[in-house]
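What follows are several structures.
Each of the next two complexes has subunit A plus one other chain: subunit B in the first, subunit C in the second.
Entry: the complex of A and B
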């Protein structure tokens, strides 16, 4: 029996460990070594911290880094604000029979690739797009305006592409909540605001945390949406990494940036968990 | 002083379905009032209207003389103990009990004092810092009651709170609840489909069926003088025989298998088809000849349902297949009776209660 268990564990664990080792750990070790290498004055490869130093001395990198982090946090908060009422409505307001149907409706757009969805937004928003066309033809606007390629459209695109990852954990945590908890709080004298803040939010906290972690990481590491909807001004940190690797062909610098992004997301998620007093294991279970 | 709860012509409809049908009743201060009824009789709807979670279609609901129309649940001087208890899983015991007090903006020191004394009262001192998941069923029960009682409501509503407990614990909690109510003096309104819970704990019991009260009475009266056929059948165990009236004054009826019995009509019989109700314990085995005014018949024992102090005989009445449940007296007088034996039995005319067939 015990041997069986061990064999089963071995069989199931091997692919996971292999995946982790070959696709995550090995490349990261390689990247780490690469990020700590640089050309010295004579053009030879030597161990150096120059790539990291470079990041702190060059203002534009620093600025992009902070900007990306801040916007990723804003995206996470906005995504929560947009999806929470939706999740609450689907699980608590409509009849349970409709819950499944509405959830599927909500998930449907996500069967289409992110690229296509972003192009959808672009068709709506661009200068010769649907919205501009409507506004001009109804006379509300004299000349079409460019609505793409600014921070707001980029944020909107990021919120839109990450919604799914917030709404699913929210729905599942709210669904497990017994309605009588809300009624009990109401009965004990709590106002609707208090019920929301003291009962519903704490109850859904693990779902909120797991949704927030995923959305934050996806937004931080997103390349496509900032590039397409934010255009040249998007200044998303992933673009800096891309530029180093592909445009400047400076893999060492790119690797260093990659590690800095990894450190950034780890630190921010860790502090987010500390501030909200949540536990990673609990949130993701 | 106005009664704690005064309900006048209260009605609640869901579409065409009438859940609560024009009820009027009062609950006196300090009373343990139970509403007993089968599931779907409207008792939970009534309770939810009193708590404020549902608005009546018609009628008035006064608590301590104050009209509760349009008063939301959080502003009513009543508290509800939910069927599934609805304890907040993310808070510990102390936070659960303090929840209502905090909403009233009471000073922290006062809250702590009241929570501690409440914990003491429900026999859970020192449990304040435990998580809800750490408690047993009975302890959760007590925390749920404490959470409501600590607010000192005019009326505490309890919605079958013992339903989820196992039998032994339920018996124990029944006694504890009754003691607790006598102790704190708060008016309890208890909803249940379990007649033993209602009878054991209450001062007054209302038997509810199809949205109406069939009878509001003391447990004793309810058991010995049921006012309607439904009450007679629902409260306590009973034998029901379909009978036909052969003569009135004194009422004499005949069973389908030809046995003639004297009975008591509870309501004015309409037509000659009645149902005769006999409690298992009112059947006297081997009656002395000196007892007058008694219906006599013979019984053939089919089986003995041994259940300690609650042992019963299952016996057929003479010349028929009709099975009667007979309570066996506590003394060992009838321990010789075995399967297949024939025994003489009698029942007073006063214990043969006849109701119009429902």
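Entry: the complex of A and C
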């Protein structure tokens, strides 16, 4: 019996260790090592902090970095504000017969590739786009306006592409909430605001945290949406990484940027978990 | 406030309007993309110039439809192959990981579990570049020391497969673990008492119990791989996957062919998603 168990452990452990070691641990160590290397004056590869120094001395780099972080936080908050009423409506307000249908309808667009969804917004919003055509032909506008390629369209695109990851945990945490909690509070004379702030929000807190973590991470690491919907000035940090890797072919600098982005996302996710007193395992499942 | 409480009329109406607007916001880009795939115009925009199937079927010289567009057709095929490999690998390794963390005891289990969850919170771009760097360094190492040239270590099909697998396996692990937690261990014990070996137990008792989770997570793994862009972008070689290929086209200007591809994607993925949903509903209620 004991031997069987040991053999089982070995068989399950090997592929998992290979996966985590070869595809996660080693590559990230390599990322760190590469970021600490650079060419010296004679063109040899040496250990150096130059890549990180470069990041802090070139204004454009850390400016993009801070901007990306702030915008990712804004996207997370906006996504919560937009989807919470929907999750609440589906689980608590609409008649239970419609709940299933509305949920399926809600999830469907998110199975479609992000690229297709962004493309859809592009043909809606751009100067020759559908919305402009409708506004001009109904006489509401004299000439078409460019609605794409600015910060607002980019934020909207990011909220749109990440809504699913907020709404699903919200629905599942609200679904498990007993309606009688709200009824009791109502009978005891609580106002809707009090019920919302003191009962519903605390109850949904785990769902909010897991949604916020995933949305934040996805927004921070997004490349497509800022690239295609943002303007020339709305550079995203992932675009900097891409530029270093593909355009300038300066992999060491790119590795340093990548490591900084990884550090930023890990720190913010970790503090999110700490503040809400949750574990990663719980937040993800 | 909620359905059992008396409600104010203004609140209900405002709420309903918000929900309608939300669903409009949700579906507008997809519906427009689909409609414009059938517009008889050389640009994916209004005005409506009549219905056509040119963007699917036309065979030159003015218009080339999707079926005759070899670059897009090839990238669809590459994506299908990638997604198949990724879902097979992810389901096998993810399930093994679920068994490992749910049923085995060993030192360092908590730490390893934490590590196994991290791929889902590492930005996809980072997974892509770190794997690219490692494969490249390994390739240089093999070439310098052994004089071997290993094509697999350059941006290529298999690098994409492994890059996507590295985080999709975590997703499978979570889904299968959740199902395994509900498993009644007395079934296993009964089988063991009746003389089954541990692998017979897994084969005839545990795996059949896990079937819905395996099929469901496999389908989602397929879709996650099929639409992945961030990780793939850095690992892709000459065989571009569909999202990367579409991205290159969208960046350089748009033709209704992109709408035609999108239409097929929207129709096929939503069909698959609905089938998956109905099946999981059916299995859990049965």
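The criterion applied here is as follows: the second predicted complex is superposed on the first by the 253 of 285 C-alpha atoms of A that agree within 3 Å, B and C clash if a C-alpha of one lies under 4 Å from a C-alpha of the other, contacts with A are read in each partner's own complex, and residues count from 1 in each chain.
Note that a residue touches a chain if its C-beta (ideal position, glycine included) is under 8 Å from a C-beta of that chain, and two chains touch if they have at least 3 such contacts.
All figures in this text were calculated on a predicted structure; none of them were measured in a lab.
Residue contacts after overlaying the shared chain place A:267 against neither subunit B nor subunit C.
Of the two partner chains placed by the overlay, only subunit B lies in contact with A:194; subunit C stays clear of it. When the shared chain is aligned, subunit B comes close enough to touch A:202, but subunit C does not.
Of the two partner chains placed by the overlay, only subunit B lies in contact with A:178; subunit C stays clear of it. Once the two complexes are laid over each other on the shared chain, residue contacts for A:186 go to subunit B and to subunit C alike. Using the contact criterion defined above for the overlaid structures, shared-chain residue A:280 touches subunit C, although it does not reach subunit B.
When the shared chain is aligned, no partner comes close enough to touch A:46: not subunit B, not subunit C. Of the two partners subunit B and subunit C, more subunit A residues are in touch with C. When the two complexes are overlaid on their common chain A, residue A:223 makes contact with subunit C while staying clear of subunit B. Shared contact residues on subunit A (touching subunit B in one structure, subunit C in the other): 183, 186. Interface residues of subunit C facing subunit A in the complex, by the touch rule stated above, are 1-5, 12, 15, 18-19, 22-23, 25-30, 32-33, 36, 43-47, 92-93, 96-97, 99-100, 103-104, 106, 112-127, 129-134, 136-137, 162-163, 165-166, 169, 174, 177-178, 197-198, 223, 226-227, 229-230, 233-234, 242-243, 246-247, 250-251, 254, 258-259, 262, 265-266, 269-270, 272-274, 277. Looking at the complex, you find that subunit A touches subunit C at residues 4-5, 8-9, 11-13, 15-16, 19-20, 23-28, 30-31, 34, 82, 85-86, 89, 92-96, 104-109, 111-124, 128-130, 133-134, 137, 160, 163, 179, 182-183, 186, 192, 195, 213-214, 217-218, 220-224, 227-228, 238, 241-242, 245, 251, 254-255, 258, 261-262, 265-266, 269, 280-281, 284-285. Put simply, subunit B touches subunit A in their complex at residues 51-53, 72-75, 79-80, 82-84, 86-91, 99-100, 103-104, 147-148, 151.
The touching residues of subunit A, counted against subunit B in their complex, run 178, 180-181, 183-191, 194, 198-199, 202-203, 205.
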